[in-house]
Each structure stands twice: as structure tokens, then as C-alpha cells.
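Some structures to go through are shown next.
Same chain, two partners: chain A is paired with chain B first, then with chain C.
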Partner chain A sequence: MTTAASAGGLRQGRIEHPRRSLFRDRGWAVGLALIAPAFLLMVVLIFAPAVLSLAGTFFPAGAAGASLANYEHFFGDALSVLNLVFTVWTTLATLLVLLVVGLVVAVYLRFSQSRLVAAIQVLSLFPLFVPGIVISFALIRFLGPTGLVPSILKAIGITGYQTPYLHASGAVIGLVWENIPLTVMLLTAGLSQVSNRAIEAARDVGANAAQIFIHIVLPPLTRSIAVVCCLNFLQIFGSFTVPYILGPAAPQMMSIFMQRTFTEVHLADAAETQAAITFLVCLIAGVVYSAIVFRDSAAKGTLAA
Partner chain B sequence: MALTLSRRLLIQSAAATALLPLAKVPALAAPTTIDVCTDGDTNISDWWINTLKPAFEKAHPEFSLNIVITRANGGNLTVAQRVVAAKKTSTDAKVDFFEEFDPRELPGAIEAGAFTKVDETVVPNWALLNPLGKAETPFAIPYRASQVLIAYDSAKVKETPKSWAEITAWIKANPGQFIYCRPDKGGSGSHFVMRAVHEANGRDPSLFKPENFDAEKAKKLFAPAWALLNDIQPFLYDKGAYPAGNNPTLQLFAGGAVSMISAWSDQALQGISQGVLPETTKLTQLQDLALSGGFAFSSIPATTVHKEGAAKLADFALSPEMQAKMIADFGAFPGIDWKNLPAELAEKYKAIIPTSMPFFPGGQWEAALVDGWYANVATHLTRS
Partner chain C sequence: MRRALGKDAVIGAVLLAALLIFVLAPLLTVIVWAFADQWRPPALWPTQWGVRYWHILLARADVVQSLTISLFISLVVTIVAALICLPAAYAFARLDFPGRRLFLLSFIAVNAFPRFALYVSIAIVFLSVGLIGTITGVVLIQLVFSLLFMIWIPTAAFRGVDRSIEEAARDVGASHLTVLVRITLPQVAPAIGAALLLTFMNAFYEVDGALLIGVPTVRTMPIVMLSLINGQIIVQYGAVLSVMLWVPSLVLLLLTRRMFDSRTFAAGLGV
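And now, the complex of A and B:
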């Protein structure tokens, strides 16, 4: 925001050449032409099939016209609803843990003078390069009933370890690990907007660490946090491999439930309805994300004009 | 370092490069590629890629095998649907051989003529087959078999369970020490569930046939099996934490988290011989009614343009040498009759050579089984 504002200020101060302004007026056409191929590809390969599929769920096989039968069936089936609730629960739980872990790491990376910063930074990006299936099996070795953690606990005399493997907590741990890089990157980017001067000024007037965090650090970070929540929500809600291997047999995440309904139970209609419901839930996160980004670019636009 | 590239040299070399591919074609009589689809576990696909493929290509240099792993996304059933569609439009489905696909699993496939009928004239080694497998269908080749059995750690399990009653008694007496996997993720789990279904229905596998599926009947026949499985659930590993497949189950066993599991014969034997499973691992089969198993059927799509190559491959896989190798390498039961194999081999595996192999149909029956298990067994978790 600061950079945008100053850039806008600079531009305002400059007398613009008429030709340049003409080009800028036609810029929208050039811009549209440039994005048209990519946009068309998305329409043909993603939007059109998604809309067709979504529309198809309202026209169940055997029914005369449009009907909500598919959805009635989904919401009438306790197992389906349980899976949907479980997916929402897992997603929110993972998001919460991710935010806490991500904030701690990002704040550390932003403010620490320690030599460890570079190492922590590399470490926090590391999951980006590890496929989900690898981390899943690694976590079984690490947290499983006879893994490293219980072995160490046992060696130092702690018993009663309850493994998260094949429990909801197993899926949450795996998903947190997988999504740390994006979270930390976005939050660190947001934190770069917090100026040291503001913090020093607050400290000078006697603010303690908690006050500085709440009143100085957090406010410019809200947008980053909102974006982190939206993007991670989409990522986690649709995740497959990690909850498939580390999570419980039932209830299941929607992605796993869908795959099973389609390939094992051979109910294409039901699987399509599950997909449509998943899509509609994700749409909420998508709309919120778009709203944040649009509001922001709109704000930037006014500044620049 | 003044490398001067004259214009002539440049043109000459460019021309030579352009002609290179043309020059290579007649020099190498390219072998015909046979496309093989497999959706078996890694032990099967590894064996095909690392053992059978080189051996076949050595014996038949005119062919080369392209092994395609179709494990994800519906497996060979999806590919077989493509074959049926291709047959209807008389096109090449671009697949010549299914390592494992039983055409009976795709209703209408045989009627559509999508699969090649096999006998001694097409595949000479057909004559060596185990009569049990040969009798099933002429549209598929029962080239190997495996059965689910009970694997246990003899260091911890003193009395080997010999019947369903004994195994459930053992499970209840030793809470947390037994587990089977989710039935849709691994056969070792689904066959255990099938055994419960058999148990609940007078141990009569003949009630379940590929052609007699009926949703209402299935619901009725399965209900008492869910009761049996729910009854043992609180005594299973972690009060019913079902792993996501054959291998994760073997891992729990190998790590010592449980001391008894249901396992595929081939995977358990391979695990023991490779030292992945504890040395004290023993295998046993229930005597009142064995856990089900079955032949793995190879099949040849009728749409293949390499019919001769596909038949040669089927014949090669049934040769006693390959069959013996299969037993030794990954613990499969042979598709050909034991009497066509060296006697010492039969002696070595005497303890687990199946005398009976109860069958449970795939397709709709299995789909209903999986769906019912999730709704009635897995969901009723009373876990903290």
C-alpha cells in the first residue's frame, strides 16, 4: 500500500505526454487481447465443463425436469453430511493451526536479528519441494505407533502416547506441514509493510510487546491473513493424498469420498453432486478472496488516477 | 580458441543432422511394441517391468513390451471401458494386453466381443492351467492366483487361530493387536470383510455370484456381517483405525504395532523373504472356510492390432519357467497346475497351497460391500 501510494504520488507529479495517454486509453483493448487466449482456454477446459457438470446435478437421470433430488439424497444421507462436516472441520482446524504457526514463524523471520533466520526461512519453504505422498509416509515413520516420537518418549519414560496416525489429527498435522510455505510467504510479505519506525515509536511511548503486536503489527497484516485463509481454505478443502493416508477411514474428506463414490461404488451422479457441493463451499472462499483482491486493486486504482 | 565455422561446413552438418533420423530407420528393425496395462500393486508391476519384460524381450526379440501402470483413477476397468467403446467403433484401443482384467467385471464386454477367446490353439500353454482356473471363462487367462490369509507374529501369538470363532476370540482376548485395511483400498481388507459376510451367511460362498446381484438382497445378506465386524471393532488396533491399503497394514505389522493382520499371500511371502516382515512371521489359513482369493486373469482385447504378440506374451507368462519365477519372486500362486512345476517347489509351499479358494464376485457385489462397510462399520466409530 505504501509503495502504491508513493508511486501514485510520483505519477501525479509528472506531466504526461499526450501519446502515452492515448496508448493508455487503448490499453484495455491490448490487455484484453493479451489475456484472451488464456481466458478462452480456461473457459473451454474449466468453466464450461464445470458449469455443465453443475447444471447436470439438477437434472438427475430418470427425472422429467429440473429437480433437487440429487441434493436431497446427499443431505438426507447421514454419511455424506458427516463427511462434509468433517471436511469443513478439518479445514478450519488446519487453518487455525497454520495461522498460529505461520504468524510465529513470519514474525520471527521479520524481526529477528539472529543468524538462524536464513536457516529458518529455508526450512519453512522446504515443504514446497516435498510431494504429499512422501511426507505422508515420513510422518507415519515419525508419529506412527512405533515411530520415532513414541520410541523417544518411551526411552525417556513417557507412556500413553496416542498416535495421530489414522485419526483426524493425523490429517491436520500433515496438511499443516504441507501448507506452511505459502502461509509463511504471504505473511512475511504482509509483515514487510510494518515499518521499524512505527514499532520504535510505539516502544518509545511505552507499549509492551503484546500492544505492539496488536496495534502496530496486526492491522497492516489483516489483508494478508484474509488472503492466507482463503487460499489455504481452497487448498486444504480439496486435499487428497495427505488425509487419505494419514486420516481416519471414516469420516472422510470430500475428495476421498468423491473418488470412492465414483470409482468404487460406481455412482457417477452422486460423485458429481458431491463435487458440486464441494465446489459451492469453495466458491465462498473464492468470492471472499476475489473481493479482497478487487477491493485492494480498486483502492490502488483510485490512488493512481 | 578461434573455432571458425565455415558456411559450407555449417550447411553440410545441418544437412547431415536433418538426414540422421532417416538413416536410422532402416538400420534398426524396430520391434513391435505390445502395450500392457497393469493396475496391480507395486510387487506385481515391478515384477512385470524388471523380470518378465526383459525375459520376454530376450525370448522374442521381435517384440518389446510397454508396461503402463493404471493403478490410479479407476485402473484397468476404465481402460476396459475404452476397449468396449473402441470395439463398437472398430478402432484400436491402443492396448494389447491386460496384465489383470477379468472381462466379466464389465457387464456387456464379452457380449460386445471386446475380448479375445482363448484356448490351446491361441495360447499353447493353456493346456497346463489349473483346472479350477481354466473352468472359469474362456475370455481370460488365469495366469496367477493369490489368496488372503492371516499373518501373525509367532513370537507374540501362541495359539494359531484356525476358524472364524477362534480368530474373533483371539481378537477380543488381545485388544489392539489385530487390524484389517479399508476394503476399498486393499484386497487384504475386502477379503476379510467378505469372510465375515460368508460367516454370517452359513459359510456358503455360492450365494454370491456375479450374475445374481440385487441391491435389496445384498443389504439383507450383509446386515449380519456388519454386526460381526462391529462386534470386534472395539478390540481392533487403535479401536478400529483402518489403514489405507495393503502396504500400510503390513507396515503396522512390521513395526510391531499389531501382531496379527489379514494379508495377501504374495505380499506376505515376499515380505518374509525380503526381510521386511519379522522373521517370526507365520502364515495361516482359516480351516472352516478359507478367506477368499482368486485367480488374477490376464485378458487380450479383441481390438488389438498385435494379436500374435499378445498371445505370445500370454503363453510366455504361463510357461513353467516364468510361473516358477513368479512363485519365488513375489510369492504368487501359479496359474498352471502344481503338477507342471518342479516337485520341490510344491513341497516348499505345501502349508499354504489352497485346497479351496472361496470366491466373492467383484463388480456390483463388491461395490455394495464397500459402501455398506463405510456406512455401517467404519462410521460407527466410538473413538476418543
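And now, the complex of A and C:
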């Protein structure tokens, strides 16, 4: 360790400071000691409960050994399955809207020469600073049955307004609101890698806007889109407050289902199974997201230093 | 070229208008509600303005108590997160040890789980060790999601410190501690301030964990607001609490907005 470190120092042509190299010799022990509390906290609060939950579902109370009884019970219950399917659909619908909105805003921010860019950027990041509970309440006052939008529509003579409040669309609208900043930020970062020269070259040989978008703009953006999809999928699937306030009472998102099962019905085992199934559905998104971040950091060396 | 610019401006105006309506109008509606003593939809405007509901709410014991509890819990979460995470961030940025990169990357696990399902798993563990309904339990669950950005943002900051100034100070005889306090910390202070602020606000506004772990004994401010939204027909209660909850953070963020460059956010999101 010592020789490797000093060899590294020499190779870079740096003269090792005597005191610093002394500190370096003990460095790895000090380093591990300094990160230990944070790492242990993460293991105890994240990995251990998740693994325990997953494992616990295969060993139901009262059963002699491992069994799938908990899962048979969940998938045998029409309401549980309905909630799961509803959560998947709500998540995918929200994700689709977010992608479209995010791409439109990010592409405009990247390519526009208008002076409105700054204002659009601020507005699209603004939801970062608004807690979920506040925006949920605000959307009730805005879009709910006695909200401002139906009042305005009534005043100008439009009838037949259907409120999204307490419907699936209410949850989708709230979740889109909450996740716009993340989406726009990630897509803007991806678009910054698109070169102006490539676009001009394509335009010179007669490519139209759609061709430029598909062949020049999209390819460097695939990584960002993958991260956007994974992160948003996890965020939306694991969200509680917004769908709890704005979404329907039945069917429910899995988070609300779990909360009711745990807090109101006091069935910890059933809640554990619901959580385990949620983990499994989100597994792909979590793994892909982690893999992209790992690979990028290895390639760029940003975190590796 | 001129036509293209015109189209550019038109699209921008449409986008800006859409965002103004979708993002800002709902919040402005709530602010108006908070200062309406009487407003009967479908009237488009309050018929009586005033701060009557502010007085009523601030006289309610549950509101005042929950505000105290929320401030206390958020403060404890922030202090504990700083004590645990800042030394780790320093180590990740400045010290050499085996597995450093893997350890640092492992903290993105925080983002790779569906949040509420993770909370339920934690709650089941807490149930067996008697942490349900305790302040300790709420503090612990709120620590979970402060870990990532309390480590990654300061790590990036420590890494950005100009090492030559430190070496120069050491060459003229400054001790390690002096260099840390006088040279290193002032340079990373803005980023650490931003991370502390984010931690405090996330804890203060957090609903999911507090509802699952704290209820019914520990009721934070957002939990009281949740019950006032669901159970009460008086709109102003929710509106006044929204403004009370949200405006301080907005002011704080505007005051410190220079801390929040885009890299700060990116680091917090783990990308």
C-alpha cells in the first residue's frame, strides 16, 4: 500500500511532503473509520430492512419452512392485483407525459435563442422547492370540483368540466408536476452533448427537423432518457403523498395500499409482502439506474478521482 | 433567419404561458386562499380579505405543538446527518483507502429503491424494536434520504478545493487543523451550507416516513396539515398552513440561491 502510494506520487512527478506521506500511510485506516458510520447507517436502514422484508415473505408465520403462501395470498386477492396493475399503469402514464413535456422543454432550452429561455428554465426547476403536500393541496384548490379552473370555465360559459381530483388523472397530474425538474435537468444535461456543428452539417445536406432530431439529437440522449425513465419510475412507483391526496380511493397506488395495510389494518405481514412485490417490480429500474451511474463514473472518472 | 427567430419566440411564449399556468397558478391560488376571510366558489375572487384564519390556526394547540416537534426533529436530523456524513465526505474526497469508489457509489442505493416500500420495510423492523410512534424512529427514517446528498455534495466540494493554497499554508508552518479550519472549510462552506439546508427542508416537509413511523403519537407539521386537508371542510386551514410551511423555505432558498448551482443538484441526484 505504502509503496504503491508513493510510486503513484512519483509517477505523477510530485514531491511528497514528508508530513503528508505520513498521514497517507495511516490514510486508509482513517478513511475507512471516517466513512464507517455513514456506511453502517445505510446498511442498517436500507439494505438490512429490504433484505429482511424480501426474505421474510418467503417464511410466513406458522409455516414450517419456506413457502410462497404470502405471494399466493397476494395474487389470489383481486383487490391487491388491481392495485398493483393500477400502480404500474399510473406510473407508465406519468412517465410518458413527463418524457414528452421534458423533451419539449429541454430541446427548447438547448436550441432557442429567445430571451425567454431563462424564465422557462427557472419555472421548470421551480417545483424542486415546493413540498409535495403543498402542491397537492394547491392542485385541489386549482383543479378540484370547487377549484379556480371550474370557476373560470363556468364564468366564461363552459360546462361539463370533469375534475381530475380523486381520479387516476389527478395522481398523474400531481406526479408530473413534482417530477418535471428532475426530467428537464437530466435531459438538458444529455442535450448539452449534442454538437451544433453536427446539426449544421446535417442541415447542409438537406435533413429536415424530424431527421435531425432522430439521427443527430436522439442518439447522444439515449443514456439520459434511460436514466430519466429509471429514476422517474422509481420515484413515481415509490411516491405516497401526491397520489394519497389527489388519487382515487380505489384502486390505490401500492404505497397507499401498504400504508393502509400497515397503519390502519395492522397487518404487518401483508404490508411486508406488498413492499417485497414493489421491490421486485422496481428491481429492473433500480439495477439499470445503478449500472448506468457505475459505468459513467468509471468512464469519466468523476467519482473515481 | 428572421422567420426562424419569430417562430422561436412564439414557441417560447407558448411554453412560458403553459408553465406559468401549470406551475405557478395553483400556488398563487393557495396564497390568495390563505388571505381570504370569505371566498365562495364559483366566485372568482374572495369577497372578504383578512388574516382571520392565521389567528385561528396559530391559537390551535395541535398546530403550535406540531411546529415545535417539526423544528426539533428537522434540527436533530440535520445535525446527526452532518456529524455522520461530513467526515465521510472528507474521506471520500481526500484520503486513499481500499474500495473508496465502491463505497461512495454504494450510496446511490438510496435512489435505487422505491421509497415508500423501503419505508414500510423499515417500519416493520421498527415495529419489532419498539421505535414506532417515537421521535427517534422519525429521526432515523428521515436520515435515510439525507445520506446521499449529504455525502455527494460535500464530497464534490472537498474535491474542488485548491490544494496549492493548502500546501502553501503548510509550508509556512500551519498545522493540519489550522489548514482545515482556515483554508479548506471556508472554500467548501457554500456547498455544505446548501447540503445542510436541503437536509433540513427535506426533513421539515417529509410526510411519508413521519406518517408511517410517527403516527399517532408524533405528529409533525405536514402530518397535521394532511389531517386538516382530509378531514376539514374549511379551505383556509390548508391554505394558511401551505403558506406557513412553504414560504420560509422559498425565502431561504432565494437568499442562498448562489449556493445552488446546477452541479449541486446534479450531485444530489447522483448523476
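What we mean here is this: the second predicted complex is superposed on the first by the 249 of 305 C-alpha atoms of A that agree within 3 Å, B and C clash if a C-alpha of one lies under 4 Å from a C-alpha of the other, contacts with A are read in each partner's own complex, and residues count from 1 in each chain.
Heads up, the rule we're going with is that contacts are C-beta pairs under 8 Å (C-beta built on N, C-alpha and C of every residue); 3 or more make two chains touch, one makes a residue touch a chain.
The shown structure was predicted, so the numbers you read here are calculated from the model rather than taken from an experiment.
A.B. asks: Let me test your reading of the model: by the given contact rule, A:Arg260 touches which partner, first (chain B), second (chain C), both or neither?
C.D. replies: Once the two structures are laid over each other on A, A:Arg260 reaches chain B alone.
A.B. asks: Looking at the overlay, what does A:Asn70 touch: chain B (first), chain C (second), both, or neither?
C.D. replies: In the superposed model, A:Asn70 contacts neither chain B nor chain C.
A.B. asks: Specify the partner with more touching residues on chain A, choosing between chain B and chain C.
C.D. replies: C
A.B. asks: With the two structures laid over each other on chain A, which partner does A:Tyr108 touch: chain B (first), chain C (second), both, or neither?
C.D. replies: second
A.B. asks: Quick check on the superposed pair: does A:Asn232 touch chain B, chain C, both, or neither? Answer first, second, both or neither.
C.D. replies: The answer is neither, since A:Asn232 touches no partner chain.
A.B. asks: Answer with first, second, both or neither: which of chain B and chain C does A:Leu32 touch in the superposed model?
C.D. replies: So A:Leu32 only meets chain C here.
A.B. asks: For A:Leu82, is the partner it touches chain B (first), chain C (second), both, or none of the two (neither)?
C.D. replies: Once the two structures are laid over each other on A, A:Leu82 reaches chain B alone.
A.B. asks: Touching A:Pro248, do we find chain B (first), chain C (second), both, or neither?
C.D. replies: first
A.B. asks: Looking at A:Thr146 after the superposition, I want to know if it touches chain B, chain C, both of them or none. Which is it: first, second, both, neither?
C.D. replies: Both partners, chain B and chain C.
A.B. asks: With the two structures laid over each other on chain A, which partner does A:Val117 touch: chain B (first), chain C (second), both, or neither?
C.D. replies: second
A.B. asks: Considering each complex separately, which residues of chain A are in contact with chain B in the first and with chain C in the second?
C.D. replies: The overlap between the chain B and chain C interfaces on chain A comprises residues 140, 146-147, 245, 262-263.
A.B. asks: If we count contacts the way the header does, which residues on chain A are in touch with chain B in the complex?
C.D. replies: 78-79, 82, 140, 144-147, 163, 165-167, 244-245, 248-252, 260, 262-266
A.B. asks: Which positions of chain B touch chain A when the two form their complex?
C.D. replies: That would be residues 73-75, 182, 184, 237-238, 240-244, 248, 251-252, 255-257, 364, 367, 370-371, 374-375, 378-379, 381, 383 of chain B.
A.B. asks: Of all residues in chain C, which touch chain A in the complex?
C.D. replies: Residues 5, 8-9, 11-13, 15-16, 19-20, 22-27, 29-30, 33, 41-44, 84-85, 87-88, 90-93, 95-98, 100-101, 103-118, 120-125, 127, 140-141, 143-144, 147, 151, 159, 167, 170, 176, 205, 207-208, 211-212, 215, 222, 225-226, 229-230, 235, 238-239, 242, 245-246, 249-250, 253, 262, 265-266, 269-271.
A.B. asks: Mind pulling up the chain A residues that touch chain C in the complex?
C.D. replies: On the chain A side, the touching residues are 5, 17, 19-20, 23-24, 27-32, 34-35, 37-39, 41-42, 45-50, 52-53, 56, 104-105, 108, 112-114, 116-117, 119-120, 123-124, 126-143, 146-148, 150-152, 154-155, 177, 180, 182, 185-186, 189, 227, 231, 234-235, 237-241, 245, 254-255, 258-259, 262-263, 268, 271-272, 274-276, 278-279, 281-282, 285-287, 289-290, 293-294, 296-297, 303-305.
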